[in-house]
Amino acid sequence: MYISETKIRVRYAETDQMNVVYHGNYAQYFEVGRVESIRQLGLSYKDVEAMGVIMPVIEWTAKFIRPAHYDDLLTVRTTLKELPQGHRIEFIQEIYNEEGRLLTAGKVLLYFLRAGTMEKATMPEHMTDKLKSYFS
Amino acid sequence: MYISETKIRVRYAETDQMNVVYHGNYAQYFEVGRVESIRQLGLSYKDVEAMGVIMPVIEWTAKFIRPAHYDDLLTVRTTLKELPQGHRIEFIQEIYNEEGRLLTAGKVLLYFLRAGTMEKATMPEHMTDKLKSYFS
Amino acid sequence: MYISETKIRVRYAETDQMNVVYHGNYAQYFEVGRVESIRQLGLSYKDVEAMGVIMPVIEWTAKFIRPAHYDDLLTVRTTLKELPQGHRIEFIQEIYNEEGRLLTAGKVLLYFLRAGTMEKATMPEHMTDKLKSYFS
Amino acid sequence: MYISETKIRVRYAETDQMNVVYHGNYAQYFEVGRVESIRQLGLSYKDVEAMGVIMPVIEWTAKFIRPAHYDDLLTVRTTLKELPQGHRIEFIQEIYNEEGRLLTAGKVLLYFLRAGTMEKATMPEHMTDKLKSYFS
């Protein structure tokens, strides 16, 4: 299992007139969580794209349990429960507020695709190498 | 069953560097679908809020089957399979491109809440009246 | 002079906790105004990009005179005061509410650039042909 | 003169199909710059709103000199050239990339307004106290 955490400060632009973060903006928080999770492995999603592999989001589910508010400093926890096999990678993602309460819980499925042809690919070897030790 | 459709043109701002609509932006497309679905009943979500009821999104799932591109004229189809009972309302939402191909399919659960207290509420009677005939 | 108008409905996502449209979102409203202004000429910005020309925004000014609110049906008025010469094109843009009151007034300067090389280009001939009659 | 700096990492969602940050998203980067500039004084914009004062953006100008790219770590430099008098406050804002090159330069005028009545207000005393020493 590979777990990582990163912090995000809620922007004014991300609130709506319910005085909470608009639900659609959690897609960006989850994105930042995944990107920083890869960076903490010692590579970057930008590197992955530079290797000719893109990782589009194929499926996204989220439960909005408690609202996040303007200027909250959120913690995004990103978990890989299994070492990806084949072209699929699934992240479990949770967002906590400063009191440690769970605000949002979700799951995001992405594919590894070859950038030019959009054919199914697998996780770049370099990324597998970085991840392997968490799953033995 | 109550089904409604509305059109949305993809904005440049909504694309990302994969040359497709960023997956998080579908939350807005679904929102527009639900809002226009209520308007086609002869009231508006703004009216609902004016009656002291808000409808936050509680749960969201979406599958991204085919990408949408810049300037595509999308059709959002919004379906209520059941007349809401209690504080829950669930919309089935699909997005089609101009060739009629399904791009995105999702399900969005919202609650009716009293705006001030955030207590669970039920669908405003006026809205029930408008919807009833579709479910008999 | 070439003037065109288009309508935009304010989305919930575009409001912020001041209960008005977040100022940054006007960039998208202006974008829609320009894009529809080109479409009303009988071509599309997508066509322009397909000809190998991109039009990045180089300079932007906006005055926010009155707020726009959720579900408002806005009118974006887009004006070309001069037929573009060289690589510059400047749009005057205004946003009005349903009562015809001016909410936002701005000016957006874009360049015509060759997509691959980012070299300065000029307005595609096809677009000049469509525009010419408005400036004679 | 009061100058502050803060860092922002470009999100995937903030790029568009030109492979650069969509120009409208700089409004959010500028917002973060102003908010962190106030936080570095030892209070927060959230505190300001809690005191019953809101600061809507009244005018925004920006020049987009060089593009920002995905995953760039940007520096937002925010400058107050004068201690605000009356209901106006003007920020000079610049965005630099990791090589220290200027990408975007702008100016944002905000008003101090009383939240309930929208009447013109002045800078909260607490904020003036924090700022004064930079302008003597």
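Annotations
Letters A, B, C and D mark the chains in the order given here, with residues in each chain numbered from 1 onward.
By our rule, contacts are C-beta pairs under 8 Å (C-beta built on N, C-alpha and C of every residue); 3 or more make two chains touch, one makes a residue touch a chain.
If you're wondering where the values come from, they're calculated on a predicted model, not measured in any experiment.
At the interface between chain B and chain C, over half of the residue numbers involved are used by both copies, so each side presents largely the same positions.
Chain centres computed from CA atoms place A at the largest separation from chain C. The chain pair B-D and the chain pair C-D differ in C-beta contact count, and the higher one is C-D.
Centroids of chain B and chain D (each the mean of its C-alpha atoms) stand 34 Å apart.
Chain centres here are Cα averages; for chain B and chain C they lie 28 Å apart. Chain geometry summary: the mean Cα position of chain C and that of chain D are 25 Å apart.
Chain C has residues 12-13, 22, 24-25, 27-28, 31, 70 in contact with two or more other chains.
Every residue of chain C that touches chain B in the complex is listed here, in rising order: 9, 11-13, 27-28, 31-32, 35, 44-46, 70-71.
Across the interface of their complex, chain D is touched by residues 18, 20, 22-28, 31, 54, 56-64, 67 of chain C. Looking at the complex, you find that chain A touches chain C at residues 12-13, 15-17, 19, 22, 24-25, 70.
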